[in-house]
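Next, two complexes with chain A in common: one pairs it with chain B, the other with chain C.
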Partner chain A sequence: MTFWPFWLGAIALASVALGCLVLLRRPMGVSGNLAQALDPGARAAELEERTLTQEELRFALEQATRDAFADAEIREAMNAARPAKSQPALGAPLGWSVNVLFLIGIVLGAAVSGIFLGGASATIDVGPTYRALLGDGPRAWVMLFAGGTLVGFGTRMAAGCTSGHGLVGCGRFRPGSLVATACFFGVGIVLSFALVWVRR
Partner chain B sequence: MAEASGERVPCPHMTSCELFPAFSQNGFLRVWQINYCEADFARCARYQRSLRGEHVPLTLLPNGKELPKGIALQDRK
Partner chain C sequence: MKRSARWRGGSALVLGALLGFSLSRIGFTSYDELHKMFVFSDLRLVLVFAGAVGLSAIAYRLLPLGRAIPTRRIDRSTIVGSILFGLGWALSGACPGAALAQLGEGKLFALFTLAGIVSGTLAYGPVNGRLLRWATDSCG
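Moving on to the complex of A and B:
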């Protein structure tokens, strides 16, 4: 199997991550996209929010503010000083359809990349390395499924995966992302060595 | 704790909250920021739902109430 040069892949990933931050003002995160795409509440909310214009939203918020607070409290707040901005506010969360499109794009991009490299073909072959570790029978597929489940559970528990924490979070020097990424790769490296050692 | 010393701890979800920019752009809505975003954010319904990993709808207010649906400009007083 041939691959694109590592630096080309890095440029492509960095471009997507930066593009999301600059154009959409949202951090990229594949596990977050997947969670939103699978959330029926997100789909319903998008359909509802499409009918709400900015002016209608502002009017509704003002009405709700009068209902929730006394006039004196509102006046006092309007005169209160604003805190200094520490970082620019992010844009609105991506809608359900945008999350779905992003995920479809990942699959299509991989397919197009494979076609250009001339090695694209549908297969259920797990590959020689995995076959050497666990074979290619039912046990291997069960392990794959279990591993995938752990990945899904872990990314939701960590509120992000290697794209959100590793690419974007670390690039923004977020402490949580630095810790999460260290754990991702640290445990992965240890487990890889352990599996090779067991195989011997 | 920061609250005990009098220091206000802002909500860590401010930069990703969909309503925060709306509150920032309109002085009339600043009262929400003072009471929730810049102070007692733990009781914000949006923050609580976000912590549970649930989708936070645009129409959910920090006090847990929902903005009325189908607001029409002709209903404005």
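Moving on to the complex of A and C:
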């Protein structure tokens, strides 16, 4: 299979990210789709508790001060002017079925690629590099499961993966996403070198 | 479903399909290609990623999207979580989207990866709730 040149891949990924924002009014983020598909209640609660902004915090402190010390008129006048609850300019979180449909879409899209362009068929061959570094057969399956568990747990903890933090977060220059991307790329690089070194 | 919900559902399916198709064509589903990226023997995937980020950055400047959800501060959950994710990524060869794409391509071993991803995703709720109690940021 010949892979796409880099510029085509870049355009494709950026287009999908943009499509999510325009059509779904949500930033793309596969780990988020997964988390919301598998554990919708918990994720919603996590998101709830983090939308307090600086403005809201300051208002709350000022309000407490006014309630303690100020005259009734001042309290009424100023307490009424609370800042609008911070909401992202984007739409509401996607419903459960929309998350699931996105995930199913990934599988189907890749199937189209595999069937019509790559001539791929069902295989359990992990490929030469994986076999050389981590083994084959059941040993590889254990590694894949372990790696997958780290991916699932880590992306949930970081609240984002290569699409959410990497593509969208970095594209918007979000400091948290820039740090996250540097971390997971950096660690991936280090571990990959280590795997080669161990096998020497 | 209401009409608008059907539209979102259909859009999600199409966008997901484009993502899966792209991940496959780019080579993010191939451990051979991914490894080459990680050890700098082939920069193609790095350029894909950097290019996509660059193009997205331009688009976000042009579109009226409002502020990104601000980072509260750099949470340890962001850093530790990303470290764990990076380890898992190099160990399994798959970020969440790529694992699903691998399955679509017929790479049946991805079932083990996905089983792990599902387990890890589900485990986080109780582990964080009972043991860690760390605040979790968002990537939006």
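Note that the second predicted complex is superposed on the first by the 149 of 200 C-alpha atoms of A that agree within 3 Å, B and C clash if a C-alpha of one lies under 4 Å from a C-alpha of the other, contacts with A are read in each partner's own complex, and residues count from 1 in each chain.
Just so we're on the same page, a contact is a pair of C-beta atoms (placed from the backbone, for glycine too) under 8 Å apart; a residue touches a chain by one contact, two chains touch by 3 or more.
Owing to the predicted nature of the structure, the values given are computational and were not obtained by experimental measurement.
Novice: What is the contact status of A:Val179 with respect to chain B (first) and chain C (second): first, second, both, or neither?
Specialist: The answer is second: A:Val179 touches chain C but not chain B.
Novice: Report the partner of chain A that touches more of its residues: chain B or chain C.
Specialist: C
Novice: If you stack the two complexes on chain A, which partner ends up touching A:Arg156: first (chain B), second (chain C), both, or neither?
Specialist: The answer is both, since A:Arg156 touches chain B and chain C.
Novice: Of the two partner chains, chain B (first) and chain C (second), which one does A:Ala35 touch, if any: first, second, both, or neither?
Specialist: Touch status of A:Ala35: both partners.
Novice: Take the contacts of chain A with chain B and those with chain C, and give the residues found in both.
Specialist: 35, 39, 42, 49, 51, 88-90, 156, 159
Novice: In their complex, what parts of chain C are in touch with chain A?
Specialist: For chain C paired with chain A, touching residues are 1, 5, 8-27, 29-33, 35, 38-40, 44-45, 47-57, 59-60, 63-72, 74-75, 77-97, 99-110, 112-125, 127-129, 134-140.
Novice: Hey, which residues of chain A end up touching chain B in the complex?
Specialist: Those residues of chain A that touch chain B are 35-36, 39, 41-42, 45, 48-49, 51-52, 55-65, 68-69, 73-74, 76-78, 80, 82-83, 87-90, 92-93, 156, 159.
Novice: Chain A touches which residues of chain B in the complex?
Specialist: Touching chain A: residues 10, 14-16, 18-24, 26-35, 38, 53-59, 61, 63, 65, 67-73, 76 of chain B.
Novice: Note which residues of chain A are touching chain C in the complex, please.
Specialist: Within the complex, chain A touches chain C at residues 3-24, 26-32, 34-35, 38-39, 42, 46-47, 49-51, 53, 88-90, 94-95, 97-99, 101-114, 117-118, 120-130, 133-134, 140-177, 179-181, 183-189, 191-193, 195-196.
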